[in-house]
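Take a look at the structure below.
Letters A, B, C and D mark the chains in the order given here, with residues in each chain numbered from 1 onward.
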Amino acid sequence: MSDSTISGADVVRWIQVYASTIAENRDYLTQLDSAIGDGDHGTNMNRGMSAVIEKLDGATGDDVGGLLKTVGMTLVSKVGGAGGPLYGTLFMQMGAATTGKSDLAMGDWAKAVDAGLKGVQARGKAEPGDKTMIDALTPAAEALSKAAAAAASLSDALRSAAQAAEEGMKATIPLVARKGRASYLGERSAGHQDPGATSSFLLMKTAADTFADAGRPRADRKNE
Amino acid sequence: MSDSTISGADVVRWIQVYASTIAENRDYLTQLDSAIGDGDHGTNMNRGMSAVIEKLDGATGDDVGGLLKTVGMTLVSKVGGAGGPLYGTLFMQMGAATTGKSDLAMGDWAKAVDAGLKGVQARGKAEPGDKTMIDALTPAAEALSKAAAAAASLSDALRSAAQAAEEGMKATIPLVARKGRASYLGERSAGHQDPGATSSFLLMKTAADTFADAGRPRADRKNE
Amino acid sequence: MKKLINNPDDVVREALQGTAAAHPDLKVFFDPHYIVRADAPVQGKVGIVSGGGSGHEPMHGGFVGMGMLDAACPGEVFTSPTPDQMLEATKAVSGGAGVLHIVKNYTGDVMNFEMAADLGKAEGIEVEAVVIDDDVAVQDSLYTAGRRGVGATVLAEKLTGAAAEAKATLAEVAELCKKVNDQSRSMGMALTSCVTPSAGKPTFELGDDEMEIGIGIHGEPGRERKKLAPASGIIEQIAGTIIGDLPFKQGDEVLAFVNGMGGTPLIELYVVYNELTKILDGKGVKITRNLIGSYITSLEMAGCSITLLKLDDELTKLWDAPVKTSGLRWGV
Amino acid sequence: MKKLINNPDDVVREALQGTAAAHPDLKVFFDPHYIVRADAPVQGKVGIVSGGGSGHEPMHGGFVGMGMLDAACPGEVFTSPTPDQMLEATKAVSGGAGVLHIVKNYTGDVMNFEMAADLGKAEGIEVEAVVIDDDVAVQDSLYTAGRRGVGATVLAEKLTGAAAEAKATLAEVAELCKKVNDQSRSMGMALTSCVTPSAGKPTFELGDDEMEIGIGIHGEPGRERKKLAPASGIIEQIAGTIIGDLPFKQGDEVLAFVNGMGGTPLIELYVVYNELTKILDGKGVKITRNLIGSYITSLEMAGCSITLLKLDDELTKLWDAPVKTSGLRWGV
């Protein structure tokens, strides 16, 4: 079904890379949130991901499901705001979908992302087009399912998911928000990129960057 | 003793000219007070002199002493701050010194200004050099007494008083304040001209401008 | 950024330490953060819990005490607190009669309180949640997250606190909270933006001659940006929108709450109150109770909000009941 | 200028109209302006009158009521009121036991109150005046107008109000007022200037990274301008100067009053209070009472002041006595 699988250690690495990417993009995310929200999305996500990194210290990734659940629960108790429950649910549902696994095949990953997305939708009740993180995650999950069905290579699948997320993120710019704080602005929310869609794109992008190396020998990997 | 006398109508005219001069210099006085005080001297004096003008509406000046007392009492009840009691006392004491008079000879004027100054000193306990209105009034009063003793002309006497007040005012610039709000600044008060000395100079200047014409026929007067 | 703080990351914790030191009537807990009245749990009394982002002080921590909240959960500045804080607070004030969560209608607050309620119920505590959504600046439609919870929150905390003190049941207190919310309308405006400690610069830029009408309490931009105007015109627009929305009618008795956003001095709030009385007089609406001051704030934002609550005998009596908190106190 | 006002010249009058509408416990008079408690004069009780420029709200009008002031005279913004206001207020609260004037030490206030006391005495009312001068930022020397009256004024109004309510004589109340002043020290700082409505622009300009230490309450520049620093350093300097001046010593019990200048949010005042407790703990000085909030303000100025009052049993009991004003209320 795929050229390789994602190991538990890869998942740990992905979380670490995502945490440092969030740290690098903290001010950018906050700036996006200042335009149509309350200017805390970067700080919130960074506080959460820093706590996750502390929590995961020494984690091996033998139990991917347990690992992802821990990430989700840490985010729930450290982030607050909308981002906390939403990203918390995303990871908790990804964890539930991968319970007991130590390696993920591409189909497992596609299912996990889809489960996470469904969790976010159940929690936040947003539809695609509402100008939220859903707008980045939905096309990414669809791209993964399609790639899994077409038996594409893992790295191609991850790349297409990241690209779909990026397009979804950019497509939030002209939208008028219908969920979250930005919806209070009405028409004034149009013309700005959604911060949550941006952090979700980064999630898919870091997955592609990290897992694309998954099949290759350690020495050739770029994210170390 | 002098080339002419100051009539009650002249005194009324002086008050009016002083009121409009204060109105013109309102922002300037306030700006001086912002630097070393609380930025209200112009507004305060203007509020007071506007009330005086309303109060004096139709006043003939038959009783110069009564007129000046009314000016003083109006200032006391309309100005507030340091300026209210000080200028109020100045005019009330000038009024007391001219009780019952309908015309003032130059000596009467010199005595009135001296009485006003003494009132301000009794009320405010400031010495010359403390960086207050006293620093403009003292040299003016001295110039008037000297001129009266030397039997100078009224217009020369008034001009020399205004000039002495101006020099006194300017001499406040390097001084460190020892009375009033400016004293809280300590050394930082040096380098700024005292607002009260400035409004007192304007008082002496408008007197010179108005009364210098006192002896001439109405048609030649410039302040009408 | 000009603030009397140390490290921006430590503001909430240090302010809570200050609160703990200042008010012996309160117990303050850390990690997770929550504040409870020192005599909690009061046996047989419904516990009232609220919470939200910090930066709105005195709300909510300043309203913990006899006759008002049993506990408050402060989040990071302008960020909803987390379910674990709410759960611990809920457990700490549960005296056997159930716990009411008063939730301001923001996506984050609603979701976090939902999770906390689930956790509380799982521990065997009866929990009811009432969502406050009184901000008429926001349309309540399919196309928004609904109206924001603003000034009515303060009133709901006071009134439910009084009812709980009088041993009303959880169902009654929740019903009362909904009634307060239904009968309240609010709207706010800003003359300046606030600056969150973490961002370090104004959330929005406003020209020297501009104001934002219809703002929330988190430095969100408002419904429209306008040229600065005299208080009379501003209050006419805000009060008019509020009055028309419920609507408040001739003969109604109301509580008028003129709230400062944090950076507006009291003298201006009294000018605003004066304008408001003129407008309500003109409509035949009678102010029988009032509250004037900075009670639900946005850090140092300059501006105000107005809340009107339609009163009846029940609400008036509950308003007058004793309250003993650091932010609101009378009768004791 | 960004303010919720109409015409700058009408701010004081309109705020007073708002006060009159808001507080039925007060009677507000115009031309001359003064505020008295509705039940004045209280027969056989010493009347307590204070006053000063407007712009310091809630002081003084917000402190009129049972257990505190009998009357307040509001001047124009930052301008001492006039003797006729003070005379009318004095007459209105004279219940036969004499009247105390609490005067902040500013040249204007002192001179106007002096004239008013003379006028009151001429009308047969026994008047005592006590001048408050607690600001350690100013040297009390032959070369200044003496120390300014700041935070201790609020405390003196509360404490003398309680004593008068307990029917102390005029001599006793005046003595108490002097004692409160003698045992109090204050100092303030500003992060921003205020803007008087009539000037329309900041009284002083401060850089983005600067603060003024040792300011008064009228937008006067302070003793020194410094680079902005963390709260810990600022409070160390201010508290250190205060503590050293009296001096406050190990074992002393104090009331700690952390005051906001008008534009500083409450969350920062609690950060300041937290710093203050650490410093006083370190010196062995015990805070047994506190007051935290914006009580003596400079319009919208951002900044704070700290006042420490050395307590004894008498003062502590008077502090705890009931007070019912719009600005300060407990026990009733």
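Quick note on the criterion: contacts are C-beta pairs under 8 Å (C-beta built on N, C-alpha and C of every residue); 3 or more make two chains touch, one makes a residue touch a chain.
Keep in mind that what you see is a predicted model, and the values were worked out from it rather than measured.
Novice: What chains touch chain A and also chain D?
Specialist: The shared contacts of chain A and chain D, listed by label, come to C.
Novice: If you walk touching chains, what's the least steps from chain B to chain C?
Specialist: 2
Novice: Among the chains, which one keeps its Cα centre farthest from the Cα centre of chain D?
Specialist: A
Novice: Distance-wise, how many Å sit between the C-alpha centres of chain A and chain B, to the nearest whole number?
Specialist: Result: the chain centres lie 77 Å from each other.
Novice: If you average the CA atoms of chain A and of chain C, how far apart do the two points sit, in angstrom?
Specialist: 33
Novice: Can you give the whole-Å distance between the Cα centres of chain C and chain D?
Specialist: For chain C versus chain D, the centre distance works out to 29 Å.
Novice: Of all residues in chain B, which are in touch with two or more distinct other chains?
Specialist: none
Novice: Classify the inter-chain contact topology: is it line, ring, star, complete, or other?
Specialist: Graph shape, chains as nodes and touching pairs as edges: a line.
Novice: Can you name every chain pair that touches?
Specialist: By the stated definition, chains touch in these pairs: A-C, B-D, C-D.
Novice: Under the definition above, what is the set of chain C residues touching chain A in their complex?
Specialist: Those residues of chain C that touch chain A are 32, 53, 75-84, 106-108, 111-112, 114-115, 137-139, 142-145, 148, 196, 198-199, 203-204, 216, 218-221, 223.
Novice: Which of the residues in chain B end up touching chain D in this complex?
Specialist: So the residues of chain B touching chain D come out as 30, 34, 36-40, 43-44, 47, 76-86, 123-124, 176, 178-181, 183-186, 188.
Novice: Under the stated contact criterion, what part of chain C meets chain D in this complex?
Specialist: 2-7, 11-12, 14-19, 21-22, 54-55, 57-58, 62, 191-192, 208, 211, 228, 230-232, 234, 262-274, 277, 287, 290, 292, 294, 297, 299-300, 302-304, 326, 329-332
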